[in-house]
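Order as written gives the chain letters A, B and C; numbering starts at 1 within each chain.
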């Protein structure tokens, strides 16, 4: 079985992000990275968690997971609303136009949904 | 792609409801209303958010979204448990017998699930 | 329609567990147990809710639901991390190697996801 999953973060909760990173790291202990399709989508105020200046505690974990193929999507609608520029984000983040649209698309393509 | 999605609220959290309304309004900027099937299901203590007396701050947003076809479903099990009468709810709300059953049905029919 | 659903708990929140138990009991009022496939998966710090010593308030509800076929899955990764032994758990709990993997599997097999 290929593990396809989208993790959703929308609140400015470091605990939820850490939970998601723990979940993803555990998943990748059980399945080879090439049998997984793992996405994390941040929208709402959760996008602040991915600003470099807030992320020193977990930046290297995100970097490492990105290196194994995990996707970190950050919602552009939310960035605009909060006045955060793309350059402020951790390097592995990919900005998507609309986070919720991405979550809908991923589920329609067979991803499970997990809300930490 | 048709955007089919159910938003789920079960706590008495105005912040979560506002998040859901923001999400839905953003979605409808990106896709025409007739290519979307958008549901919000409230059960548990979240049904209190839809009492007219608690909703003055966002009642007009719900009214407008309902006008574009968004469905607002409120769980009758929860209303009964809390002693809330149907007449106390915002006009666009539709009472459904069991909120969780509705959420299961909608997902089985292809709706993505989003928990704000 | 067969009601297939996985409830997900990951925080140490008794309120969320009670919400899930209410949801499941309501479901089973509406549909015969043999037309339902109901799972609750606990991972992260939520596994503590299933230690006998913390559960006296709702242990009998879990016992009863288990008797009607509801599955209570507890994540072994999380038990290990928290140093909780299997013998400390309520009797109906089944330990699964990885809770998130189980949630992905259940959704891929057609279960709806509900996060209380």
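Basically, a residue touches a chain if its C-beta (ideal position, glycine included) is under 8 Å from a C-beta of that chain, and two chains touch if they have at least 3 such contacts.
From a predicted model like this one, the values you see are computed outputs, not experimental measurements.
The two copies, subunit A and subunit C, are related by a rotation of 120°, based on C-alpha atoms and rounded to the nearest 5. Of all residue numbers seen at the subunit B-subunit C contact, under half occur in both copies; the interface is built from largely non-matching residues. If you average the Cα atoms of subunit B and of subunit C, the two centres end up 26 Å apart. Residue positions of subunit A touching 2 or more other chains: 113, 115. Residues 1, 3-5, 19, 22-23, 26-27, 30-31, 110, 112-116 of subunit C touch subunit B in their complex.
By the touch rule above, subunit C contacts subunit A in their complex via residues 8, 10, 43-44, 77, 97-98, 100-101, 103-105, 107-108, 113, 115.
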